[in-house]
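Before any comments, here is the structure.
Letters A, B, C, D and E mark the chains as written, and numbering starts fresh at 1 in each.
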């Protein structure tokens, strides 16, 4: 983009160019985010291995190596792949619905005083309730199966996302709000074109928190709701193996969750962040 | 009568008859024989007793498999609207310990912790209270309660076997109690059969009065299926073990499963045994408010003809 | 105060504006009245904190007067709308998630209902007028203060609203750029004859751009002086402004500071 | 504060005063936040009562009136008061430690690139893990009892709070950061005087989310860690009553959580918000 | 370029400043060199976007040159510090969680290590100097643009730093307030003889305040002209600035725009 380098400059316009400070190989490697993270990850896994070996209690805390082996096993023979797919399907449904409802609630809350009170109240009431509290209602309304799990997931996602969205909306600079209104934008158009974008840093945090809590809840809920028609998810995989004291497999299930978490963070959220708030200078 | 039957079971070898029924489609078979045509049977496996209760009470399932003690609570709290339909299995419960100083339940001290699935209302908790009543006198039935800790079987087993936790004893059921005994440091200090003076039912099948009354033929089909499954297991131990290993996806070896099935203390029968003893004890200690007249009070008429207790 | 002839487009009548704070009120303007005729270029002059921005926001529809009324074409101003486009005093008035071009085009598309394609074209034109064509694809956070304000000006002018409300739009610009923008504005006015309220703190700028100048008192703002710069003279480069009117403005502004009367 | 009304005004300075638009009684009542919220709350509770009565299944979803009665009972005879105290004590410990660690992590992350990577990685890895995953380690390190519960609570609080804190820090306007640095502030002084205050809206959201998740987790954890009977908290209270099918008491336990939630929201967070971000104009 | 005599306090030597963006670089200034002697009042003049703010931030220690060096008293500038206090161009430079008084006092307490009590007192004094005593207990978001900037100026002056770096501090002020602030500043300089770099876009202001004036070229900024306003004349009210120097500045600034050469 040397086009940006204006030709109107006083002397020797050609001379004005990119000045790259030479970086040492070490610096250049260190600048690679995935390398730094890979390094940290290797460190954490080594720590795990070392501690487990020192502890020498495979029934409580199996070694990383044993876990990886169990993971390989489970992926090849143990049906872990299908468990992952089952879990992901339910998870995405719950996550999606939760986000949509959160958006609706937050937009209502920013638009009307009663909506604001309602969000305040509902969040204060329901956010601290554990998923098990919803179990009876979930069963009443959705019966056994993924309907109930999705319901519980929505509960896990909805409140933190709505909280972050609402806080994000409320923190938008008055000038930006006024600019939005100046275009005659109201209701959903105003929300879509102004609120959601101006509050994007907060929304991202909400999405991240919601994602994590959807996982936590999914795994817990799959134990409670069990399996019907033979297709359990990762939670059930963990539960079954725990019952058989296949602790390495249990940790393989958890490692799966961890790896999916790292993947989603780096391939989805981080990328999204880079293409939005970082590019827009809304975050350093 | 309903065209679809929904049954919730739990995880483990205790539910083997249900697995046989599911795999061999025995309910479908007996329903057809009873002239009900094609009945669809849906199976769910749930992770715990509390979810099972909720599933039945919310109308999400028609039959549940449940422990004896939770059934008694259900019966009491619903005023008899939920009752046992048939017994499922007979099994002893062992109190295992890794503390060499403990020879009997009298030897537990403040340093010991006894893990069991749920204090007060699990069958394990009742057995321990019954043992305490025997050892220390009826008014001291809860003397050991302060040593008890609620833990799921696998967690408790891992804790006991690791030998490095506060958990020094575990009152548990198959297969965990056998697996624990594979460790040389672990011994049994209490057997529930000794406490009750003989075998007792461990799990039962339960349903609601409304369902039972509205679907008499289907109930008959379920009972017939249960009987056939029990018969099958008795006669084809090996095949039943293979079926279990295949259907449950367990990693236990066939030999292990078979040796458990061959244990004479374990059995599968629809006849309730010693259920009234539990109910009476629970009434004495105040865990339930109503006292059943006899064991038949706790069950639908399906099994009233048996020599139960 | 209304001059005979055309009916006023905008009537500000006895308007008091207040900010309600926890525990107390801040009065920004006190019973301010003036009228703006169609195609008039009204300049608001006044000391820092006297309520110029507040007044402009009230005309924009963002604030309701606690007393008095603001009517547009006879109808009370109910809220903000794209018929009155504001250039704010603040540097953060660009949408950070849009490039310079998108910022300008979005105003056209959202506020004026112009098709995407045409909006982008007209945006390009407006950006050229403020000499930012090299930065058309840059995001606002990479612009200097003056560049940001020029984008806001381009956005406003491109929208061709009925009434333009500008709050010290040129304050962050250097002398040359400022002169260019002033010329651009007058040229545009010559073509489109929009109505404009323009806040500035430069007396020279007021004389150059205004067809009428209102001088406000210090906080809370009240109308202190209304000066008609002969509108018939039309816009045009007043080389070193009318000294007599300049003198009157200075007297009105500096009245409270004896030592500064010039 | 008529002092603000400057005497330098042109004409009749005495005339410039407060102009209060007269409000109707209805408007004035509607302006009372607690009244609006009380109204909404009454509405929600009525809805509960109505639905429960219509459903007529006290063992799954007891009526509000039955729940209130059970609550009264439990407060007077059932030892709920001591359960609440036990829970609150553990909760506050976990919440406090979690927040402190989150602050540490977030400050490290904002200060160094490796710290940033570490926070990213740890959050992506651990945030989705359910509390049960920590069970073996908790038992190993802290044994039975409140130590383990606190450990699990820290896990519940730490990640969402750190996430919000870090997002808040990253979103601080460059000008404010530069101003802070201009005073020569660095390290913890910089964090304390600039970062924490400038990011306060985000921090508040984090604290709210963390608080809610501490509750959720506490209740779940009390079940899992099965405190020896006698000294349990609300989770234990719920669990015992659920086992004994005292469903009205279960809901009384949940209602307690809800009421504490409403209380903390309105007496703590809302007040804090009013005295900080709202007063500072950082939130509308 | 260095004038003989006292050693320069600040030396900017061949400084190129760049912003690294995704995919490309933006060069803000290109090999800029100048020196500032102790107690000098250097004014930076230049077109919008030419890199004045960037240069000031580099001197403040917020940006590292990609080429060249900035040394203070012979030592390279390593980072920001309270010896060089900046008044930023942006309106959001006050800490929103502190009142006007606290903002000023905090600068003194944190940056200068002055005790709480004394800091508050000195803050009150500074606030009086910018005529905001009535708003001492107001929070920044309740102030007008010009009022905010005056608080920032008060904060900077109260801190009495060795070097003052001001980025268009008076741009949002009306003529009277501006004049007052200019006088205040010169008076203070007379007492404290601090060193100052002052960015402005007003030629009059440059002539009034500067002992030396540097005119920068358009983007990317290069030094185009250095004008020594006779420093021996000292500060004082230049009624209608030296016409000859003004002319030279205008020529330097307007060189690229033939139509505007005045």
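The definition used in the following text is that contacts are C-beta pairs under 8 Å (C-beta built on N, C-alpha and C of every residue); 3 or more make two chains touch, one makes a residue touch a chain.
A quick map from chain label to UniProt name: A, D = ABC transporter permease; C, E = ABC transporter domain-containing protein.
No experiment lies behind these values; they were computed from the predicted model shown.
K.L.:
From chain B, count the fewest steps through touching chains until chain E is reached.
P.N.:
Contact-graph shortest path, chain B to chain E, evaluates to 2.
K.L.:
Spell out the chains that contact chain B while also contacting chain D.
P.N.:
Both chain B and chain D are touched by A, going by the contact rule given at the top.
K.L.:
Chain pair with the most contact pairs?
P.N.:
Pair with the most C-beta pairs in contact: A-D.
K.L.:
How many angstrom lie between the CA centroids of chain A and chain C, rounded to a whole number?
P.N.:
So the centre of chain A lies 45 Å away from the centre of chain C.
K.L.:
Would you mind pulling out the distance in Å between where the CA atoms of chain A average out and where those of chain D do?
P.N.:
A distance of 20 Å separates the two centres.
K.L.:
Where the centres are mean C-alpha positions, what is the separation of chain B from chain C, in Å?
P.N.:
82
K.L.:
Between chain C and chain E, what's the gap in Å when you average each chain's C-alpha atoms?
P.N.:
From the centre of chain C to the centre of chain E is 28 Å.
K.L.:
Provide the list of chain B residues touching at least two other chains, using ranges where the numbers run on.
P.N.:
Expected reply: 50, 54, 57-58, 152, 155, 158-159, 164.
K.L.:
Can you list every residue of chain A that touches 2 or more other chains, as numbers and ranges?
P.N.:
Expected reply: 4, 6, 57, 60, 136, 139-140, 223, 247, 279, 282.
K.L.:
Which residue numbers or ranges of chain E touch two or more of the other chains?
P.N.:
In chain E, 26, 90, 92, 142 touch at least two other chains.
K.L.:
Please name which positions on chain D make contact with chain B in the complex.
P.N.:
57, 59-60, 135-136, 139-140, 143-144, 223-224, 226-230, 239-240, 242-246
K.L.:
Can you list the residues on chain E that touch chain D in the complex?
P.N.:
57, 60-62, 79-82, 84-86, 88, 90, 92-93, 95-97, 106-107, 110-111, 134-135, 139-142
K.L.:
Contact residues on chain D for chain E in the complex?
P.N.:
3-4, 6, 173, 175-176, 178-179, 181-185, 189, 193-194, 197-198, 200, 276, 279-282
K.L.:
Taking the complex as given, what residues does chain D use to touch chain A?
P.N.:
33, 36-37, 40-41, 44, 55, 57, 60-61, 113-114, 117-118, 120-121, 123-133, 136-137, 139-140, 159-160, 163-164, 167, 170-172, 174, 177, 201-202, 204-205, 208-209, 211-217, 219-220, 223, 247, 254, 257-258, 260-262, 264-266, 270, 277, 282-284
K.L.:
Using the touch definition from the top, list the residues of chain C that touch chain E in their complex.
P.N.:
Touching chain E from chain C are residues 19, 21, 26, 45-49, 51-54, 89-92, 142-147, 150, 168, 171-180, 201-203, 250, 253-254, 257, 260.
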